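So that you can tell them apart, the chains are marked A, B, C and D in the order they are listed, and the count of residues begins at 1 in each.
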Amino acid sequence: RLPFVLIAGPCQIEGETQALEVAHALAELGRATGVPVIYKSSYDKANRTSATAARGVGMARGLAILARVREATGLPVLTDVHLPEQCAPAAEAVDILQIPAFLSRQTDLLVAAGETGAAVNVKKGQFLAPWDMPNVAAKIAATGNRRILLTERGSSFGYNTLVADMRALPIMAATGWPVVFDATHAVQQPGGQGSSSGGQREYAPVLARAALAVGVAAVFIETHPDPDHAPSDGPNMIPLRDMAGLVRRLAAFDALAKADPGLS
Amino acid sequence: RLPFVLIAGPCQIEGETQALEVAHALAELGRATGVPVIYKSSYDKANRTSATAARGVGMARGLAILARVREATGLPVLTDVHLPEQCAPAAEAVDILQIPAFLSRQTDLLVAAGETGAAVNVKKGQFLAPWDMPNVAAKIAATGNRRILLTERGSSFGYNTLVADMRALPIMAATGWPVVFDATHAVQQPGGQGSSSGGQREYAPVLARAALAVGVAAVFIETHPDPDHAPSDGPNMIPLRDMAGLVRRLAAFDALAKADPGLS
Amino acid sequence: RLPFVLIAGPCQIEGETQALEVAHALAELGRATGVPVIYKSSYDKANRTSATAARGVGMARGLAILARVREATGLPVLTDVHLPEQCAPAAEAVDILQIPAFLSRQTDLLVAAGETGAAVNVKKGQFLAPWDMPNVAAKIAATGNRRILLTERGSSFGYNTLVADMRALPIMAATGWPVVFDATHAVQQPGGQGSSSGGQREYAPVLARAALAVGVAAVFIETHPDPDHAPSDGPNMIPLRDMAGLVRRLAAFDALAKADPGLS
Amino acid sequence: RLPFVLIAGPCQIEGETQALEVAHALAELGRATGVPVIYKSSYDKANRTSATAARGVGMARGLAILARVREATGLPVLTDVHLPEQCAPAAEAVDILQIPAFLSRQTDLLVAAGETGAAVNVKKGQFLAPWDMPNVAAKIAATGNRRILLTERGSSFGYNTLVADMRALPIMAATGWPVVFDATHAVQQPGGQGSSSGGQREYAPVLARAALAVGVAAVFIETHPDPDHAPSDGPNMIPLRDMAGLVRRLAAFDALAKADPGLS
């Protein structure tokens, strides 16, 4: 079993300078810690709580920036897609297409993503059980694509709250596809601030540690140089300066979990 | 306050003959009971549990059939849209565009629907609180469209189960938009049959009665001549032959709720 | 099927004067509306959120006051018991022993209550499914007692929130025991105010109406002359002056539900 | 920060021979692994799903057996109490009194347990939020007792299902009292087998690992030589023969979590 991969980056692309700054910092973090890094950022926040919230730089400019990040840093790049027609152009610029949780049952989007041949990371809907995910993965696999990742990002728990059920990790791993734990979205409080979502940044490392002890292929952590002034997901992103320390700790839990042949 | 409207029809369009048969029966039911009827049917089930499940007749044929239903029966027609580009052609053929619950936060879809000028019925996501819906409606209202309906169809409650919180009805009504109660989807058991969703048809009338006593503008009930052999949502649809009796009972509760000026 | 019964009274006994004042008002309400009334009040709040909250007048004084209420007003009286040894003395003073929701699985308490021969009203635990209640009722029925009532008062829904699932009413009614809907506790927000529970008084009539439309044997509504200054459950109790109007409206829904032979 | 303690034993006392056999095995496990062990077993299952289920040997015989276990093995012993009057005699025989989750809000029981001077372990109710527990602990602390433990054992998540929210561990630890994670009850499926509770034994080690990575003072694991024939909690108990291997793995996660000064 391979060591864990870190999927990280700012929630949304704010511009080329910001994207490259964070990407270079994460590439350096990867070299320093030995943890493979995949850069994540969104060109469009297509489902903001409120219509007046910042949506991002748009697909054309965003994909150009992501291609530039990939070229400048050598990092693989992940971005999310929202409509079937976005899949092919996105797959030109990035390595992994991500299906947002709300869209995890949209057959056409899953199929279009699968047909690009790029790797596809599906976030489990907040409204799905972990044992519902084989049907989701099968929609992609039916295209012949065998590069599928499944992400746990929390389940609806009453109103405006999510809970991360750690049993979901081995249940989804039983599909045979690598499982990712999204530590920063699992602590989101959807709609919890009226016209935007709240979050509990302080518990993201707690849940990441738990997930690595259980055993996962990757951890997804959104990060930003200045989360409190980020245009989206500020309340749950980890400050960039705290990432190296966090990743070193997580790597120790990952190594312990994977050294043990008795772990499922 | 106006009497309640019945939004009803088979989950998906199976063909012109089936569509017209059900629509004529519902038009007759409307005449017999005095309850205004809106015909509902889907041309595409874009988010089936499994990729191998029947998706429907497709948009072009489906919209043609719905236009034919409207012409032949005089009933207003509602259908759901899944992608922004479907909104304009759908609005040519039908009176009300419906935004599926999973897509209730997709800004582009809400805006595209709003821009058609057709009425737009948004189903509240299973992952949303009722007080999150003003932000959703505002995305449509920002297009200048003032013909918005909000539908309660149940909230995630543990895995593979929904619960209908009756408090959601007055909370959503406080937005000023008409509120619809979707009785047949609120008893769905998402993914509850492995590769398809289960349902508890027997509780749909129970929840509809409760919702009308609380006070709603419309009730949404999927119906089929032979639910146990329907290609989708069979476990929760009401047999067509039971509809007239059900609607008469519901009308009595509606009349009582609306006769009382003290009801909020 | 009999018309619904109103179980009502102040959450806790504050003194003989208060108890008699409310009881006389409720007896008068019963005469005026034709709705049978059962007086409810607690001598001890044994599970307050905080140890410093007011617990009540104690069992000896409380039972004496309840006996006085029964004698002075002719109303049947209900009170809750918390320990097996309280059942026999309480059954001397009152007509119905109530098992609190948190204690609905405590076998010794259920058996002790059953053995008194008094009627026993069990509130379904916030942690139980409606289909778990036959096992609960069987513990009482095993004593030979056939005077059992089952009450829905809401299920845990995330943290500090309850939801009332209207499907629970017919599911519990299938046991054959009369079903009560507790409208004021179903809108409680347990622990929602830090050192006490919050509540949403405004939704109690909404849920009561829904429950009567579904069909129940009784509705439970806590009431107080001045809820905002009550020692417990103030946020969810209904002002006494609003009760007559509320009960009249509820009676109309009850009559409609029970006039219809087609309702399950 | 001290290494974790293992609280373990069979759900209920079946007899002296069984109790001593398991206790000696756990004492040996403690010596072999270096993990301090507290022996846990119940003399009465006071809240079984069904009245016909086995309740146990009773308090007098059970406490005598537990006293014998303590004497014969030198292990500290924990047992649960259900009524205030049980606290004093139980505190003669055992070291830690445990308050069952359903009873975690019963003030008299908490106070009676606190007044014995024995350590008191309160299981958080399935219906409580982690931030509700300071009020619970304060009821015990008001007796002057400063030997309090707080246990997470899962929260209600829909019907017949629990979910373990790992955020609850640091939230409860912020009270200053040691936090215990109950791995075998967190995978219980309450009432999930009709007249008894189901369970998912295979996920208990998964959740225990997660909790130790987050950081806890103790882990609670019920164990039995032959769980499938145990009179209660069989579906979630760990076979005794698997315990040594499990505890060694857990100890490695505990050591890693506690070696890191940066962990909260």
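Just so it is clear, a residue touches a chain if its C-beta (ideal position, glycine included) is under 8 Å from a C-beta of that chain, and two chains touch if they have at least 3 such contacts.
Computed from a predicted model, the values in this text were never measured in an experiment.
**Q** I want to compare two interfaces, C-D and B-D. Which one has more contacting C-beta pairs?
**A** Per the contact counts, C-D leads.
**Q** With residue numbering as the guide, point to the option in B-C, A-C or A-B that repeats A-D in over half of the contact pairs.
**A** B-C
**Q** Determine the centre-to-centre distance between chain B and chain D, using the mean Cα coordinates as centres, and give it in whole Å.
**A** 48
**Q** Approximately how many whole Å separate the CA-defined centres of chain C and chain D?
**A** 33
**Q** Going through chain C residue by residue, note those that touch at least 2 other chains and give them in order.
**A** 155, 157, 159
**Q** Which of the residues in chain A come into contact with chain C in the complex?
**A** By the definition above, chain A touches chain C via 157-159, 161.
**Q** Please output the residues of chain B touching chain A within their complex, sorted ascending.
**A** Residues 46-51, 55, 82-84, 102-103, 105-108, 110-111, 125-129, 131-132, 135, 138-139, 142, 155-156, 159-160, 190-191, 195.
**Q** Give every residue of chain B touching chain C within the complex, in rising order.
**A** 155, 157, 163-167, 169-170, 187, 200, 202-203, 206-207, 209-214, 245, 249, 252-253, 256-257, 260, 262-264
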